[in-house]
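Okay, so chain A shows up in both of these, paired with chain B first and chain C after.
So, the complex of A and B:
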């Protein structure tokens, strides 16, 4: 028995060191904070928006979608959908009514990307989060995971696709700006590098401290998003989720995924040992 | 109950050709107009018609899923609950092959078969739910590995575990077909498949829970906890045990004539043992749930409508059946144990549906309720699994004893171990 016990220990040690060598951080979701200032994003200044829907119309044209059929209306909540990647809502507030554009937030570490089983949801190095039709199998885990409920699914189609804003990723290569940004007559939506947009947002707050809440939505939410918001009223009044925390969503499943190589390597060694130890008729050799 | 041993022959006899034998086995055996068939056959036929509708008209025409509720009962019941119910296979094989508790050996085959078919049917039902099933091959063939996804892990583990379970059950198929050499080879693979299968099970049972970790802001705080994966594994143990007890009790009535009288006598012993194990797992589970509740500081939520649902789940479907298991094991009463198993199995359905459907976006005004078509297809899947189980049990040595030649092989395989060691010693001496 002595040698087998030693062998068992050896095997256990080997498995443990092998699992350390496998270095899960390479295999699993990247969760380390990194510089995102050079990625592109959008700054939405809700104090400037007049609810003209130019962004909606431009978006549907650029993406081949039907033009919007309804208008922003206080007390009624419009949501993005399979044929509207951005919508403007009118919100009653303590000051005057506020108009607010919504679309994909393009998170730095998106929940949808870490959920995607086929890498169809993809965070481009440039910043936009895009969806790739040739990969997606339609499991809709991205929809379950997205804290902002952005991805939408074509339930009525037999060849359904996930639909959402991709920050006009296909236009960016041509040096163009996203369609909604180009169309905005108020410069309520600005396109640029995330670092620059943060600087602009901070400067606006500093220059007009009475006009803004001193908080940029998207700077830290769910680990930071590439779309940033400025507001004159606290964000929860705009219907924003302010309880999402600052932890990036891939962190939630990281611990679990780290345990996988450990179980797969140590489990068999442990059970082989147990089976050996419970071998009948072996009592005398102890 | 009819306990006279069956007179029907099982498996291919010596000298019988393979193909004619398989052809003859495909024919139905036994009565066609049984109450179960009269209920299940129309449901399966209707289910098949609805499946055609789902693939020609889309998910929108058949389900009540929408942009707010991307996952319904096809995930919450078929997959998440179905896989928990199939956990009996990994727990029993652990007891029998790793801890060598021979007492449970006689029910391993039925449990593994049931587990394997559960995975084939319930995980197979995923193909109905997935919007673009022709792309399901993507994460397998490697052109699209979403390795940071828990779903990727779960999918791979489903696949590998199905193979492991098939290997575990394959000796029975070889015995049925009378393939002696193959039987010998396959039975040497069993222990490896079992150990690998247990590791896979631990990971994907917990993985099914870990899927919902990403729904952090959407699941009611009484159910959302970072311990969901651990809770799923622990509850899968008693979910599996309960189904083994239920399935065993039904099988003893329906297939009683096949079962060796010797095993009939053991049955109470087995049920008592399983009941005790289930009670232990339930105690651990309950304890963990209480810890999570205390650490979550959500006592104030207990006196809300969702809090009442939570309390019903915890007291009515965990604590109560746990005590019933202990009592049933104490007085060795099969009916009490069966009742406890049924209540705790219902509790598992309740718990899994709570996390995936009921407590998911509990505060949305228009909450998802499954369509009748989703329910019929789900029932068709369950009945289909039972039909497949019955088909196999009526042909393969699952409840009936293995043929004598197979037992002889097992004996030969068990014996040479010391002989090999002796040879090893001799070699050393020679060296």
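So, the complex of A and C:
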């Protein structure tokens, strides 16, 4: 079919505008804002923690794990493991050493959930990020994706599982609280709706402005996490990464991933149309 | 009168007497010993020697303004409660929630004006530990966990 240059330009323009109408919402990266205030989470106030490890003991009991074998030690950074979903670290500081509890951050838009091929890592509507054993295939993409280095793999086991804090999700339905929250004698770790916890954290900062850094870690980091932290010293000193940005990790790959179907659909169609429009009149083959 | 009726009347009468006797211990008089058993998940209940502490500290050190005798130094309460009389309930647990993180409790304390207000309400366990151990550290009292409450027999799965 012979065509004029004008026809070709019309066709191209039409195709391009059609794809734009279908495309941009999904194709371009944008941190999705949504209301996280009703999700449950935890508030960890590092000025209150005394390093008693009651949280670690309670967590190990609630999850059938062995009790902690070592204590917080300023010279050594303890990490969570397959037998310890939460650990307390001691950090040296001028006045008195600070104790900081670490565990899964239960992000609002978790990198692990986005990376998980089988949907084993799952963001529950209530808030906690859980791992579903019946779906996991052991690829450990979640471990690669997590900016906080949380999921741990049972390398020595013949049926290895991913292990991490699930915010006692199985207990929450019975109206109970996470075991660590129940155990803490100083209320260093509190539980509640994220909106309420943010209010409490802000009020605490407002009431004691000299005692706290005026920032709640987890409020905006990686798009917001459900575990929030308060500190009297800059968060880097406690071992937190402060260069993670506020864009949720899944957003970094959405641009590429979401445009794949669009490209696969429109690309060939466009190419075919172009070929059809530009072949010489006497060439009957397509 | 029928036996059932007699039984009921006697039972009721006895019950009233028992309650009345129990009340005389509470109303106005300070208890000698208080069993703190509201929170007992990892440790056994504490037997608190109230009589001894009455000699050692002013009421307001622990009861803030609820006994009607607030300390001048207790600036958090004094501005409003400087002239408040004693309250009906002076037990720690009446103002400091045993389960502060429970959503229902949080709802209640948020709207209740009679429970300790201040937004960031300290729960019972924290209140005990802060107040008791704070003073013990200064005065040389027991500060170890099991000094006040022995460990519970753990049920291992």
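Basically, the second predicted complex is superposed on the first by the 237 of 286 C-alpha atoms of A that agree within 3 Å, B and C clash if a C-alpha of one lies under 4 Å from a C-alpha of the other, contacts with A are read in each partner's own complex, and residues count from 1 in each chain.
In this section, a residue touches a chain if its C-beta (ideal position, glycine included) is under 8 Å from a C-beta of that chain, and two chains touch if they have at least 3 such contacts.
The shown structure was predicted, so the numbers you read here are calculated from the model rather than taken from an experiment.
In the superposition on chain A, A:268 makes contact with chain B only, while chain C stays out of contact range. Looking at the shared chain after the overlay, A:58 reaches chain C, while chain B stays out of its contact range.
Judged by the touch definition given at the top, the superposed model places A:182 against chain C, while chain B stays out of reach. After overlaying the two complexes on the shared chain, residue contacts for A:117 are found with chain B alone; chain C is out of touch. Applying the stated contact rule after C-alpha superposition, one finds that A:200 touches chain C and leaves chain B untouched. Partner contacting the larger number of chain A residues, of chain B and chain C: B. By the touch criterion defined above, A:81 reaches chain B but does not reach chain C. The touching residues of chain C, counted against chain A in their complex, run 41-42, 99-103, 106, 119-120, 122-123, 125-126, 129-130, 145, 154, 156-157. Residues 27-29, 79, 81, 111, 113-120, 135-141, 143-145, 147, 149, 152-160, 241, 243-244, 249-250, 252-253, 255-257, 259-260, 263-264, 267-268, 271-272, 274-275, 278-280 of chain A touch chain B in their complex. For chain B in complex with chain A, the touching residues are 55-61, 63, 65-68, 70-71, 94, 97-100, 129-133, 135-136, 138-139, 143-153, 155, 191, 195-196, 198-199, 202-203, 206-207, 210-218, 226, 229. Considering their complex, residues 48, 52, 54, 57-58, 61, 64, 175, 177, 181-187, 190-193, 196, 200, 203-204, 207 of chain A touch chain C.
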